[in-house]
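What follows are several structures.
Each of the next two complexes has subunit A plus one other chain: subunit B in the first, subunit C in the second.
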Partner chain A sequence: MSYDCAVSVRVPDSLEELVTGLAADPGCELLAGGTDLMVEINFGRRRPASIMSLSRVTELKGWSEDAATGELVLGGALTYTEMLQPDLAGRLPALAQAARTVGSPQIRNAGTLGGNLATASPAGDTLPVLVALDAVVVVESADGRREVPVGDFVTGAKRTALRPHDVVHSVRVPTRRTRQEFLKVGTRNAMVIAVCSAAVVVDLDSCSVRVALGSVGPVPLRAHEAEELAGEVLDWDAGGVLAGDAHRDGALERFAGLVSAASRPIDDHRSTAAYRRHAVGVCARRALERVAA
Partner chain B sequence: MTTVSAVSSTAVAPARVRSASLGTSRKRPDGGPKVKGEFAFSSDLWAEGALWGKVLRSPHPAARITGIDTSRARNLPGVKAVLVADDVPGNPFFGLEMKDQPVFASDVARYMGEAVAAVAADHPEVARKAAELIEVTYEPIDPLVDPERALDPVTPPMHPMGNTVRHISVRHGDAVASGDVVVEGTYEVGMQDQAFMGPESGLAIPDEDGGVDLFISTQWLHVDRDQVADCLALPPDKVRLHLAGVGGAFGAREDVSLQVHICLLALRTGRPVKMVFSREESFLGHVHRHPARMSYRHEADRDGRIVKIEAKILLDGGAYASSSTAVLANAACFAGGPYLVPNAVIDADVVRTNNPPCGAMRGFGAVQVCHAYEAQMDKLAAALGMDPVELRLRNALQPGDELLTGQALTGAAPVAEVIRRCAEAPLPPGGPADEPGSMTLPGGAGRTADPTRVRRGIGFAVGFKNLMYSEGFDDYSTARCRIEHGIVTVFSAAAEVGQGLVTLVEQIAEDVFGTDKIIVAPADTGVGSAGSTSASRQTWMSGGAVDAACRKARDSLLDLAARRHGTVAAVLEVREGRVVSFDGEIDETIEEATGGAAIEETVEFRHAPTFPLDERGQGDAHVSFAFAAHRAVVDVDLDLGLVKVVEVTTAQDVGRVLNPVQVVGQIEGGIAQGVGLAVMEEILVDQGLVRNASFTDYLIPTALDMPLVQIAALVEEPEPGAPFGAKGVGEPPTISSTAAVAAAVRAASGLALTRVPIRPEHIALAAPRQGEAGS
Partner chain C sequence: MTTAGRADQPDQPDQPDQPDQPDQADQPDQCSYTLSVNGQEHELRGAWMGESLLYVLRNRLGLPGAKNACEQGECGSCSVLVDGELVCSCLVLAATAGGREIVTVEGLGAGERFTDVQVAFTETGAVQCGFCTPGLIVTVHDLLERNPRPSELEIREAISGNLCRCTGYGRILEAVETVRDARLAAASRAAPVAAGATRQEGAG
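Up next is the complex of A and B:
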């Protein structure tokens, strides 16, 4: 072959080898499930000269519970299929609900949490869930480890706080008593990119509600005013439930309106800004009804 | 002994007795390999020393081309050829009905994705890179994207042949007739794609004789061959086409896509050339279903009998003609639906624009008008306070009735029966799931539904279209049967595109010879044309040709055996693969019966002739029709506008069932495409630019979107003149399924919803808000 289009592919066996390799070759692309990267390559949008596969880096795989802090530690290479297994899904139901909406079984077997974070698509489905769960991204590189809250990790549409030689090591999710729900709108009933999504977490430890929205802005958005309203209308003494009184519908309606107002959607070929603004409010309201019934 | 004889379908006895093979769900020979991933599609072909081809396409929907510099591309190591318009040795234009499309755009590019140059290189990456290095100087022009503007005589032509490709006026009966009840409406259909899975691909191998062998996935080998030969300036026999594994077609493989480019590259380089479109190129590189704007006025008497229909139909043909003229004829001829329409005033146009070219797609012009006339029938029923099914029954066409083209309906036309059988089928028990977020509710895996805000709706629609080619086209299929060394081989150039024709050919030949020792030869241009695998025509046409060729060969076999035995053929028959006499005296194998000779019979099979439409749109333009009814049950989330199609029930006029599983396959697949058009499938074009040339954003139904399909009835009323009495079954499932789903969504939402696909915002931003009164 006369035109040079060769790509070097390395398969490091450990995190150590991975981060030193990256430090020496910061232009290198990481390959986890390849469900974003290979699409980019096929479209000619990215043509990396070198690639490092995460497939043998065991430190990034699976999930565990931090005995000291009680936090859940989700590996950077955790797959969607793993998020759907009952042991993890039982602890983080909204993450499992989001994972179930991603692609097809093949995509869920290959695609990873780290890949979703590093791609940082406005439609990345785990992002609003991680924001609503108050999760923190653990970033590893040859010069050490640092922790970045998910909200700060995603800095713009497809932009992150990752430096070229960084790896998403894991995501730490605080374990609190919560009820959580994730809803996603797409123009088909499965295997569809989000037109909008909403994650709602009722946090019984802090007596607060967190609402994060996907696909209605460049980054996942918190709906702070809606959160405050929800915090006020939930009866925390009764376990964080909505009072069944006459004001219930009015409060939910205002909640939906505040969520819509917090969104910053655009018109594109998938939908219109007006629909997204409307639909994200409907989704958040329905999510709240489910977790605070 | 080789003879070519002509057979007309009127000479064929209808409705033969069913035999051991026809009528059974014989397994497909390609089924196992396809399921196991072992089937070789056209994209899997390879030849020693093959180069990779790549086409450079215009990024602009309309631009003057003022310069093309290929020097950098040529100088890239590994590049073996870079071709532009000047390199085309023959006719620089091709096209199915009009040769109006350049092989390469040279002075003007008329749509986004139009081919400008082609490259062959020793590696696909090199070919891709070389295409990028071709420097084309474009001067973008304001694209003509509005079909109404294209129709306006003051608009400058965007093509030397003008903007209007065809106009049809239908003037039937009394133009000033009027009824007691009038309903009007304006309807739109978006641009649907055939969305086959196997991208355009092929392998061209140059031959020492100066010709070329092209292995290609297509719907019609001979029409490709003639266009390629014309552009290459080669005699047709120097261009030999072989059918490669076809990964779906649905109309998108009727036109030439890469055929000419790849043969040019092979002849120029003297090496085999392989080309496989990327998915994006595939979306840009084939025709789509014509988008339509239709305004209708129905007038009926107080009893609900249609008195008159007026309609204006405008199809956007995109940049080149493709099969637009025939699509328009269907839109005009079937504009009234399968109803008795005594008076009609219809004006139909198809125009050129700088939008993507449109052409054949399953349903071919009949789908668009069905969306409109069935919405009108529902409106009429509402205006009359009549049950919509009853209204349809009251107007249903019957044998002997005149169509609005003046043609008398002579064949089987069980319109009332398909309506009745479909309407009488049981409805799915229960209602929408009551568990919030259930995956069976609208929104599916996204878990968005609130069951209290989900409404169920039921819609009904009926449709019809022509079978085979119309308007006087010389429509025929050729088949050959050879008997040699005791083996029966059947030759036909008919394209198997996934529909199962190869299975049927085996079944037909087996029935003639009573043996399963039949070989179906690969399809190629070594035998005469079989016509296109489209227009629901191959069971009738190539099935008929194969049947006639086999029977002719069998008769020759019996003659030969009779001569050898000094008797007459009348006392002999072929039974279970043996030649036997009635008295049992003669009982020998086919091989023994031929006595070492070979028998070969070739037959050209034609259906009864059709005739052009006159200037009033009248004439016996079609040879046969098929009818189907669909009933859709949908659940709609009123606040989010999301739809779950729960069930589609159908009854279809099939003439005769020759292979039950294959009929069901056509019905299920056709309904999937109909559902897709109703609620999601659309090529989005903005100022001539395609916005969703990928399966990320061109959405087709998944398993969660596909409804349960209930086949209420396959109505078997044998079609006179049709071999075996069978009608084509491929297209009717797509025609009225879209209209039925749209009607069901209207019923659930209470909204007018005049455009398909119906998008969530059309429902959600129009419906009463949550908290307001819901029905």
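Up next is the complex of A and C:
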């Protein structure tokens, strides 16, 4: 697509064109769904000198299964609405659950996985899910491609391992036999930034549980001690379920306590730290009950 | 066209106030492009590159149906369809929307006639001040295209991105259910055999 202002707004047709364009103009801002960037532009908080839209870069769209490794490859420009389609939602139910809580239908039609990662808000709803799924971010630039585990990709609140000329190409999710759940607390069921969230993945292949927390720290946090406890109390011979004995409630209570202890929340206009610490334990406990009951 | 900056006019939701640039195509941050809106091509010349589609629709193309209340994707009053997808036009960068098919509330239905959704909204009292109405009309058309038989919960979820400060939503739900039922009844009259095979006559 050519515009008169070819210098300032470009809509490249391929990944190649995108990364070479970025290498030549590393100050250029990428635009995917616009649900973060356009708000900044509308309010005059950012005024990029040049913008490249991802809307025609087909290599970043949709998702696929890597025939060699069996991994799921989620495109950097995968939208929340696409995460909710039955094919993908059936494979990654926790991601679909997180996607369903994002914004509104309008936001889910536009907003993308790559945008959520690049923004790296502490409340970014896909982040704890991707951490709990052990996902890896594939970053592409004119110098080549590299893979960064999600936990290392998000380096701080709104900070990432992306360099100015990098693009989130895709996210690779290992395919293991799992049961997964995501829960989020907010003041409404729609259009709400998370007060806290928790993703729980029961991994039947490695007989382990992964727990990642959102909105209770600058980055998504793993709750390692809670994970160890859950790994011990689940009956793996019976398929990773909670034994229905007298210790069950006590174990769940301890699990919630360890999750709360792993959180590092702050007070802000959305919630107190004390409420977040409590609620994130409740979320994780309920999530574990749902996937291991 | 407004030329005021946001800081001067914080409370005028009807006038998006992105910087209005003089029409000179040679500024580095200006763009010229073609937008296809409601089946018509529009040439834009010397527009500031950061303008949202909402701003361009209202202030450059004279299509005031999409409303501006928040410019941050929260209210849905600016909802339009871009290539058949329901989006907030305030979050679409107009200069990247060339070659895409944009439909606004003005482009729904045939010409001047109200659509069945618009008629149901007016008849059930789902319109009070009317500010949220155009966005809701676009959203409800999109919903019923995708899902002709939405449950109440599905309707609530579908309109969760459209805020209404007046009605309390009860009459909006009623309007959507009225259109849903009327369309299903019309469809079952048009194909009585097929409809009768799956559900009782008149039950839709």
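Remarks
Methods note: the second predicted complex is superposed on the first by the 286 of 293 C-alpha atoms of A that agree within 3 Å, B and C clash if a C-alpha of one lies under 4 Å from a C-alpha of the other, contacts with A are read in each partner's own complex, and residues count from 1 in each chain.
Keep this in mind: a residue touches a chain if its C-beta (ideal position, glycine included) is under 8 Å from a C-beta of that chain, and two chains touch if they have at least 3 such contacts.
Remember, predicted model here, so these are calculated numbers, not experimental data.
In the superposition on chain A, contact is made by A:F182 with subunit B only, not with subunit C. By the document's definition of touching, of the two partners only subunit C reaches A:I51; subunit B does not. Contacts of A:A261 after superposition on the shared chain: neither subunit B nor subunit C is touched.
Of the two partner chains, subunit B is the only one that A:E253 touches; subunit C does not reach it.
In the superposition on chain A, contact is made by A:M191 with both subunit B and subunit C. By the document's definition of touching, both partners, subunit B and subunit C, reach A:N42. Within the superposed three-chain model, A:E289 lies in touch with subunit B and out of touch with subunit C [touch as defined at top]. Judged by the document's definition of touching, subunit A residues 1, 3, 5, 42-44, 189-191 lie at the interface with subunit B and also at the interface with subunit C.
On subunit A, the positions that touch subunit B within their shared complex are 1-3, 5, 42-44, 97, 100-101, 182-195, 197, 249, 253, 256, 269-272, 274-275, 278-279, 282-283, 285-286, 289-290. Remark: subunit C residues 5-6, 18, 25, 28-33, 49-50, 52, 71-74, 76, 79, 85-88, 90-93, 95-96, 98-99, 139, 142, 157-158, 160-162 touch subunit A in the complex. On the subunit A side of its complex with subunit C, the touching residues are 1, 3-5, 7-9, 11, 31, 33-35, 38-39, 41-44, 47-49, 51, 53, 55, 81, 103-107, 109-110, 189-191.
For subunit B in complex with subunit A, the touching residues are 76-78, 121-123, 125-126, 128-129, 278, 280, 436-437, 439, 442-448, 450, 639-642, 644, 680, 684, 686, 691-692, 696-697, 699, 701-705, 759-761, 764-765, 770-771.
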